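In what comes next, subunit A is part of two complexes: it sits with subunit B in the first one and with subunit C in the second one.
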Partner chain A sequence: MLVQTLVIAATSSAYMMLLALGFTLIFGLMRIVNFAHGEFVMLGAYAVYVLTVVCGLNYFVAIPVAGLFAGLCGVVAERLIFRPFLGDELGAMITSLALAIILQGAVMIIFTVDQLSVPRPISGVLHFGSIYLPNDQLFVAGSSFLVVIAFHFLVHHTRLGLALRAVAQDTEIARAYGMAPSVILPLAFGIGCILAGLAGALTVPLYAVNPFMGEAALLKAFIVVVLGGLGSLPGAMIAAVVLGTTDAVISVWFSATMATLVSFVLVVIILIVKPSGLWGRA
Partner chain B sequence: MKFSFPSALALALVLTTPLRAETLKIGVVAPQTGPGAAWGLALDAGARIAANQVNEKGGLKVAGKTYQVDVITYDDQYKASETVTAVNRLIHQDGVRFIIGPLGAASLLAAKPITERSQTLMLSNTYTVKALENTKYVFRVLPTSREFVPPFVAWLKQNRPALKRVALLAPNDETGWDSQAVQDEAYKANGFDVVAKELFERKQTDFRAILTKLLASNPDNIELDTTPPPIAGPIIRQARELGYKGQFTKFGGVNVSEIVDAAGKENAEGLLGYLGADPNSKEWEWLETQYAKIHKNRMGDFTFFFYDATKFLLEAIAKTGTVTDTTAVRDAIEKASPFDTLIGKSFWGGKKVYGIDHQLYTPSFLVEVKDGKGTVIQKLEPK
Partner chain C sequence: MIRRWSFVLSVATLLAYLLIPLLINQIFYTHLAILIGIHAILAVSVYLMLKIGQLSLAQAGFMGIGAYASALLTRDVGIPFEAALLLAGVIPALIAGAVGPLLMRTKGVHFVLLTFAFGEVIVLTFVEWTSLFGGNNGISAIPPASILGLQLIAPSSFLILTVIMLSIILLCCHVAFAGDLGVVVEGLERNEPLQSSLGVNALAYRCLIFSGSAFIAGLSGSLYAHYLSFISPEAFGFWTTVNALILNVIGGAQFLMGPFLGALLLAPLPEIFREWVHYQRVLYGVALLLLMRGLPQGFLGLILPRLRWGNNR
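Right after this comes the complex of A and B.
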């Protein structure tokens, strides 16, 4: 049971990383606590539903398209909604809450409240003695991990990544060096939303789609990001592993309720001891 | 005979103005948005279908007056605080004396003191035993686990004798605690060995950890109880992926298409569940057609109960000849038992368990999933 639990922990951690990275990227650069992040996960999931079930597109082609769609929605949201609130953290936070409600309502009107399903492109289970590894969950964990590596490469080994980090550290100095925050910021918001959209697109065959699926995704992302330190990418990655493991172990040996409770207790303790989170800037 | 211009105008106005019918307001409090919306929309549609039926026939005749039935719906988002606001608004601002809803233990228990004090009649649903405690004006218009689980488990014992070890899984809230206690009692009373009892959070999507623990107890039947159908599907699939090959039962309400879609046809094969109405009946077909005129989503069996509830409420109002005396209407509803519903012969009972005969007893349907479709294999009459 221990090995099976660790397998669950590893697959959950990879998915949590993917959920949290976009959230923390947007905060790190724009100081926006994006409470609509879960709704961008939902948009990715609905995009896959439309592309595969309605348009008949292959699921593996639909995944990047859905990610890009969520990213495009993110760019539009940044330009039209969040731009006026740059520097106003409270205003942006309230606006993101309103955006979450609007997106939920719009999806409810278009697709109704029914639970929608996407045919599973991957099935089967790998057996290793008493350990079971469902192929579809392996695919989600593996893909999430690859996306996280690609994202890490983008941030640390490309000119765009350098610009992103520069703007995050000091917008005015970055501007003085010829970088254009008016281009970098929507791009960063879009990348954050691509990550969210990919998380939704990857998991839609596992969990199905409904207009309220973003709430659970946001909660996971929020806990990971607060624990890791708001705005910290390495912090989010470490926190995802810590929370994925504690969640799996406590759920198996005690209960899911206890696991949720411990997650929040952990967040409170970390915030008391180190208010900036595990890896966050003071 | 000479008419002055003003008197002619007044006469013309009188002659050309249609007779204004009185309005009877019926309140609906249920989630129209949020995770409980599918149930709330079903409740709203049930009330509206019954009201439309009466209005299309010219209105409800009450003590010589004709009333158009006006359904006023408030969305409580499945939150007790919103329910209280909605109920207060219906009673104090809209002047409503009859409410259909709310759903869920927390909402009903929060609204009950207000409706009891103002003698507002409430036709509601929640599984908790407390719903009908110390109440005079609440009717529960759906059967709960207490009514339908014992005969279903008895059927299972008789028809699936190989099943011996049962694991119970339910949501971690008032509804889940209550229904799991009922399931536990029913399975034990029928000689089953209850090897595990687990609760999960409604917002959970990943059940592998809880299932790993549950499967370690080696059950040959997993009872999914009041697990909402959109969650039951992933649970079934994840359990199969973890190597579980046994039976699934869901004697707490089932939506076959939702479960099959999420679980996969092969994983849901053989699932046994409770349904409030027969999906292959002509009554279902008729109600589904009416439902489609009101809401766009798929209809579930919930709509039957609230259609019938609104119908017998309106019949009781017409019979008593009052739209304000809720005590008289309540007495008329009680006295109408037994009565016919779309589902079949039903009656009020429950005094022994709940202290008052305000619990609906109605036929229930045992459904088995075969090749991705739900087939009713047994209709169980209420006792």
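Right after this comes the complex of A and C.
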């Protein structure tokens, strides 16, 4: 039971990390609270559905394609929609709500509101002695962690990552050193949306797909990011582990609702003690 | 002068809004008018929060608390509708007053995120606490509204009640903001440290507005419950608040009549174009985007003289 709980905790932490890293990256660079973040998760999930069920592509090929598709949509959204609202938090928020509504409506028109499902590409369990571990969950946890490691490498060991961090710290000085925000910001938005799209693509076989799935994802991203500190990447990672673990433990022993309530209370308490979040800048 | 004219115009609009459906006397139009009123009241509660520069996404949750409170109190406890209507405002106001000092310490983005999460928690409570709230099936057979022994079963009588409630709420907001409260609130939005240095307890005022907005949202919930005689949790989710926000943006979020105008323009659409609900979502989104870009003061901003757009920094 303990090991199984740990696997669930790892899966849920990894999923939350993917959600929260993209969300917090976008906020950190652009001060945009992206209410459409959950809808990019949904785009990733629907892309996998179209690629595998409709086009008959292999699921493992479909995952990166779905991620890139979500990322591309993100770049387009940043260029077309969010650009005029840089520095206007409330305006950007309402704009992102509008984007979320448009994406939801578009998906409803194309796919109706019905639940769709993607056949599970991985089945079976690994067992060591008396411990049984479901393969599909191990796959989600493993590949999510790989994505997170790749993202970490991108941010900390590449020139693009350096530019991202520079713009997040001080846009003006970064601009003075020759980093064009007009290139960096859409890229960052796209990367954030790739992470969201991958989160959707990886978890499609576990959960069903519907136009309203974005809301739950958004709530998860919110809670993690607020706990970790808005805009803080290490904060998002640590908070994802903390909340993923509490979430899994409480879901297993009590109920999923109890888990959500407890994580909410946790976040409120931490915000009262330290309003900027655990690792946030003031 | 402009103030007086806009007041006269507002009263005339409200009267026309009441009388036209009554004169046409067809259930469909009365039904539309009642929905407009209920949406407008919720939108006013969002407007109050926007007035102090904060966006609260828990308003539909407060509407839900009012709806469930009113429904359960009349149906199971058997208290009269008048008392239930009052309690439907008081209970959410008390809850908002209790969590307000915690949530209101945060501002801007953090406040939005916390109220979003709080609203979700309220809906989750309705879904999961099945023994009391009936879970996803909701509550049905809610008794119709009755005032002083007069049962408001006919839609036209319910419309009169709705319009009276809306008018009282608008009038109260108008009077409150015309007085000291308006000065303090505006000062808080413009320069909070200065106001605090003058001895204004900023947190207390914010919490007062938050409670007031929850009170109004609760009233709309009660009307909603007794009009439809059926409620279920999904009616009080995040998107209901977002819709109320859209009504504000489209009507003009810095005018008291903005939310009502927004409701007048938008609330009938889902009922008139039932087949086109999905397209309508896209349309709403596109309209919202275009308005944010081209007409940040909403439609009232076209008619009334240009005012400062408070929340833009």
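Operating definition for what follows: the second predicted complex is superposed on the first by the 280 of 282 C-alpha atoms of A that agree within 3 Å, B and C clash if a C-alpha of one lies under 4 Å from a C-alpha of the other, contacts with A are read in each partner's own complex, and residues count from 1 in each chain.
The rule is short, and it goes like this: a residue touches a chain if its C-beta (ideal position, glycine included) is under 8 Å from a C-beta of that chain, and two chains touch if they have at least 3 such contacts.
Everything quoted here is computed from the prediction, not taken from an experiment.
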item	value
Fit-or-clash call for subunit B and subunit C when the two complexes are aligned on subunit A	clash
First (subunit B), second (subunit C), both or neither touched by A:Thr95	second
Which superposed partner A:Ser255 touches (first subunit B, second subunit C, both, neither)	both
Which superposed partner A:Ala150 touches (first subunit B, second subunit C, both, neither)	neither
First (subunit B), second (subunit C), both or neither touched by A:Val3	neither
Subunit B versus subunit C as contact partner of A:Glu215, first or second or both or neither	both
Subunit B versus subunit C as contact partner of A:Met108, first or second or both or neither	both
First, second, both or neither for A:Gly87, with subunit B first and subunit C second	second
Offending stretch of subunit C which, after superposing on A, collides with subunit B (from 27-35, 99-107 or 261-269)	27-35
Shared subunit A contacts, counted only where both subunit B and subunit C touch the same residue	104-105, 108, 215, 219, 255, 257, 260
Complex contacts: residues of subunit B adjacent to subunit A	33-35, 37-38, 41, 172, 198-201, 203-206, 208-210, 212-213, 216, 229-230, 233-234, 238, 241-243, 258, 261-262, 264, 295-298
Touching residues (chain side subunit C, partner subunit A) in the complex	55, 102-103, 105-106, 108-110, 112-114, 116-118, 120-121, 124, 127-128, 237-238, 242, 245-246, 249, 278-286, 288-289, 292-293, 296, 311-313
Residues of subunit A defined as touching subunit C within the complex	27, 31, 33, 81, 84-85, 87-91, 93-95, 97-102, 104-106, 108-109, 215, 219, 222-223, 225-226, 230, 255, 257, 260-261, 264, 267-268, 271-272, 275
Residue numbers on subunit A that touch subunit B, as the complex places them	1, 4-5, 8, 12, 104-105, 108, 112-117, 120, 123, 125, 127, 132, 134, 137, 203, 206-208, 210, 212-213, 215-216, 219, 247-248, 251-253, 255-257, 259-260
